[in-house]
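Below, subunit A partners subunit B and then partners subunit C, in two separate complexes.
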Partner chain A sequence: MRSPFRDALTTALLLTAAVAIVAAIGTQLSGGTQRIIIDAMIKMIIVLGMYIFVGNSGLLSFGHIGFLGLGAYTAAWLTIPPSIKASLMPGLPDFLATAALHPLPAALAGGAAASLAALLVGIPLTRLAGVAASIGTFAMLVVFYAIFSNWTSVTGGQGSLYGLPVFTSLPVAAGFTVATILGAAMYQASASGFRLRGSREDAVAAQASGIDIRRERLIAFVISAFFVGVAGALYAHFLQVVVAREFYLKLTFITVAMLVIGGMRSLSGAVAGTAFVAFLSEVLRQAERGIDLGVVSIGGRLGLQEVGLAIAMLIVLIFRPRGITGGRELTLGWRSR
Partner chain B sequence: MIALQHILDAVNVGGLYALMALGIGLIFGVMRLINFAHGEMVMAGGYAMAMLSALPAPAVIAVSIIIVVALAVAIERGAFRPLRGKDPATLLVASFTVSYFLQNLSVLVFGARPLPFAFMPGLAEILEIGGLRVPLLQFVSLGLTVLALAGLAILVKRTTIGIELRAAAEDVVTAQLSGINVNRVIALAFVISAVLAWVVSLTYSAQIGQLSPAMGVRPLIIGFVATILGGLGSLPGAALGGFLVGAISVLLEVVLPSETRPFREAFLFGLVFIILVVRPEGIVRVCALQERV
Partner chain C sequence: MSLLRFASPLLSAGILALSASMALAQDKKPIVIGAAIARTGFIAAYDADPARAAEMAVKEINAAGGVLGRPLKIVYADTKSEIPQGAIAATEVLDQGADLIIVTGDFDFGGTAARTANAQGKIAIAPFAADPKFGVEGIGPFAFSFSTASDTVGTVLAEFAASKGWKTAYALTQTNIQYDLSVSRAFQARFKELNGNAALVGTDTFSMDDATIATHITRIKALNPQPDVLLLSTFTPAGPGALRQLRAAGLQMPILSGEDMDGDYWLKSVPNLSNFYFAAMGSIFGDDPRPDVNKFIAGFKALHGNHPSTAHTLTGYSVVQAIKIAAERAGSINSDAIKAAFEKFKDEKLLVGPTSFDAKTHINFMRPMVVMQVQDGKHSAVSLHTPQKIPGR
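Showing the complex of A and B:
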């Protein structure tokens, strides 16, 4: 008999190998290219984190970027030198104002903070199903954003927080990406993951079989928020600034697009979608700057990248609604699904 | 006197939200689509009026309405019709995508920087009536809102096409079997919602005095709140929800201490959250939407 755990592990190892190869090649490339790869890897952690909840429960979330923001602010609160903190964020409570942690524990703390928030929000949220749940997560995003951009004495409001130490190098980003792939695969193979996917396929039948849907959804939501929170901290240590407007609709769209384009019902889909969209965005970003064809040069225009991405997304939705992978997993050999 | 001023504000703001909520609710009713792109209809209306401002006012109004309606119909044909009948999550992502597309198309065409909105500058004039200082705009928007609400009510309740619309909202398959042309009904819903969005774009643009690609997001978000509060799928509920949200936001403005006022939106959306959890069906419960086993 096939063990689901072994299947998930195979997929995870294949994906890990792909990440490792990209990272190994990346270290030989220029600094600019490395930054593009790091950025894509952080997005991959976000998308994988979202996948844990969205893929297994079938409920789309527009709110995870709020958790990303929370992770980023937690990292800022814990790692910015206290002298800078005193002027940037005078409203911080004492234990945060004096903290000066290493980025690694701060990243884990960011994940824990996001998990805690997910637990509090998730208890009521998991009562909802279908579109209502998605709108609920959207409401959550708006609330998070309103707090980030207005609670000036603690988050710097519309301004930016600076002074974060450098931490997210290519090997670090790759390491966290691999850990997230393994985490997502383990959850997927766990009994809880099975029960949640059961509720995704048929809620009534799942309930009749004794599955507590709310409990399983909550578990997935909390785990998924943890990884997204960690990604937030990594993102903060990558950009070295934290600004509220980063954590709103644009990034929400990009990450949702990555998940949907790849196929939101498989781990391989989340990885493939992120890679594809990251690549496409980069091509479009180059085009935005203007294309020089030697004889003629086409002037670039702001917005081209986003418009192109939106068109790609619509095409996928209309012609391949289950995404590039169609919900299949990457496995060795040709086994039936 | 101050209380009267607040009530007037609440009615005015509420009217705007009611129009947003109706535009969103109408589309949800006929195709179970939560239309994120409705905010971009408002944005398009604002830009259309600004671009046409060299023309005489009636022409500006007529042409800009036509532009918004054409845009709505084009979106329905190009993006939503091919997806009709797909699961609600796909439709939701699609409308989110269309909204993002239109916002950035507007960045591409008009640039990201805000443009001034100066159509009918007379609207900003302030009238003094019995001690109340009321901008002319408030009366105009109130008048337009009443007109739009009454027009919509008559259309939906009294005309054949309105009955078809309600039938399709109740049950698309049965409506189709009874000989209703669903394509036409859905297209009509988009046309009506575009006209409602246009009314919002006139008063909202004049209120904030400038145009930007993301200007539709705020009214859209508040429209969501109102639609959900009133009960998704119910038109009277949407209107009621709009006025209620207007009243609540003016109340919050008055009651909240000044340092917490920026968090008004957080409170408002916290409210949506609580409503969704306590009474997911909203104030007005729609039977056609209850899940059947």
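Showing the complex of A and C:
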């Protein structure tokens, strides 16, 4: 019998190789292109983090962007110079107000904070199943947003927090992406991951086999929040600004769309979906400025990106309703499934 | 020797030299201004007219020989009214060889693009960011705003109210954006300085999410005596709604607002509005006390068929004017040189008004503003008002 860890590792290594190639090519490209690649990689960490919970449990989550925000705010609390913090966030407790950490530990702290929040929220949330659970996660997003945008003395409210050091370079983003791919693959291959997927396929049968579904869901929820929280910190250091409205519906929908389009039941799907949507939206954005093919030049049209993306998503979902990968994993070709 | 024989070689040499220098100006690489602004999304409405004004300035300057003998050129990248896209748009225009960049006039929405330029040591100009944080403190040493600061708006309104003999005031503030909060803060401080602490008879806040401000109105109506003047620090679309509710409730006292209520696009929603005043960087209705502003507005109308949406438009023109002045003084378009030249600006005469910068302050405080009024649904300029003292400065 094949070891699930070896299978997962094969998939992870193939995906890692793809990320590494993109990163290596990216370092040779212009600053603008690099930013686009970094942005896509951060989204990939978010989508992979979501996949750990969504893919394995079968419950769609609309709340993970709340964890992203928490990670970003944690990074802001820990890395913005204390002199700026004093005027922007007068309500911070002393140990945060005086902190001036390096972005790397701050990113890990962002992940830990998101995990802790996931643990607290997850205890009631994992009691729910199906659509109710998804609506529950959406409610969580709304609560997170309300806190971020109204607790002015600690989060800056509607205004933006600035003064974050630059950290998220292309190699850093690629490194974290690879770590997340490995983390997601390891969880997927673990006994807990198996039990959770069992509950996804048939909850009654899983329970009859002695699986504590709530416990497994909670484990996946906490792990997935960790990676999304880290992504939040990376995002904060990428934008160098943290503002509440960034962590709400728009990013929620684009990341959920990435996961669904790629195929939310496989790790490869999460990666493929992110890559596909990110690449397509960039191509369309370039097309907005007009395409010059030498012989013919096609005039640009502002707003093409949004419309084109929606059409492409519809086409994918009509012809491949289970996503691009259809829930299959990327493996070495000669091995039969 | 006939004069002609003597003169013709001289003349032809002169023509040759002239045409050569003209050809040189045309051949020379243009100075590229990168505009990383919103061309789609909800901010696009704010960015469009200042960009048009900048294009007008570029055209005029190029017709007059350019800057340092080089023509100006604006290249664009769309931020899509999204904060993260700002950085990408800025990198794109810089990749296209932009010598300096113009960003969206807002601390949040223009900030990411401005920070990107700053990190590369390039000048980033927000034509109309009114938050004083847009500058050295919030962005970096290469960030400049050509707007008049929000503190000035509140100050001008308070001083105008005092000059009208209005002794008591009530401040109603919308809390969704920093601008309204800081206009209100400055107004309250200055009004108390001028008329005593008791002159501010009450304050209240509302949010865009509030469907009505009926409770706020009830509280104002409960005051006896009624305040002489009401500050309504707000922006559209919530502002006109609030204004209509106040008037419908029978509150007829003068109402003051910041420049976010500039323009007449919302006026139809408050029929027969009277006794409404706001401070703006200029009048877009052709009756500005300064003739050069009126000339600009007329030119804009001739070109685009309508007057600019708001007076923010003036800043777009002024930015290009200032770039020319700074580049010619510095003899270079290098960002460090431009920065140094900008920081020596002392009441520089630009379309939007006298403009000064120093090493710490990259936005204008002591610049006069036009107080505008609406009477019987018609806009007109009241006066040009220079702030006397800005609270906290």
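The rule is short, and it goes like this: the second predicted complex is superposed on the first by the 314 of 337 C-alpha atoms of A that agree within 3 Å, B and C clash if a C-alpha of one lies under 4 Å from a C-alpha of the other, contacts with A are read in each partner's own complex, and residues count from 1 in each chain.
Throughout what follows, contacts are C-beta pairs under 8 Å (C-beta built on N, C-alpha and C of every residue); 3 or more make two chains touch, one makes a residue touch a chain.
In this text, all values refer to a predicted model and were calculated from it rather than measured experimentally.
**Q** Counting only touches as set out at the top, which of subunit B and subunit C does A:Gly303 meet: first, second, both, neither?
**A** Both partners, subunit B and subunit C.
**Q** Looking at the overlay, what does A:Tyr162 touch: subunit B (first), subunit C (second), both, or neither?
**A** A:Tyr162: touches subunit C, not subunit B.
**Q** If we overlay the two complexes on their shared chain A, which of subunit B and subunit C does A:Ala114 touch? Say first, second, both or neither.
**A** neither
**Q** Is it subunit B or subunit C that touches the larger share of residues in subunit A?
**A** B
**Q** Which partner does A:Val131 reach: the first (subunit B), the second (subunit C), both, or neither?
**A** first
**Q** Would you sort A:Ser30 into first (subunit B), second (subunit C), both or neither based on which partner it touches?
**A** second
**Q** Report for A:Leu70: first if it touches subunit B alone, second if subunit C alone, otherwise both or neither.
**A** Touch status of A:Leu70: no partner.
**Q** Subunit A residues touched by both subunit B and subunit C?
**A** 302-303.
**Q** Can you list the subunit A residues touching subunit C in their complex?
**A** Per the touch definition, subunit A meets subunit C at residues 30-32, 35-36, 39, 158-160, 162, 166, 238-241, 243, 246, 288, 302-303, 305.
**Q** Looking at the complex, which residues from subunit A come into contact with subunit B?
**A** 58-60, 62, 124-125, 127-128, 130-132, 134-136, 138-140, 142-143, 146-147, 150-151, 204, 249, 253, 256-257, 260, 301-304, 306-307, 310-311, 313-314, 317-318, 321
**Q** For subunit C, which residues are in contact with subunit A within the complex?
**A** It is residues 39-40, 78, 80, 83-84, 87-88, 91-92, 94-95, 107-108, 111-112, 115, 119, 133, 138-139, 175-178 of subunit C that touch subunit A.
**Q** Report the residues of subunit B in contact with subunit A in the complex, numbered from low to high.
**A** Residue positions touching the partner: 32, 34, 79, 82-83, 86, 88-90, 92-94, 96-98, 100-101, 103-108, 111-112, 217, 221, 224, 228, 232, 262-263, 265-266, 269-270, 272-274, 276-277, 280, 293.
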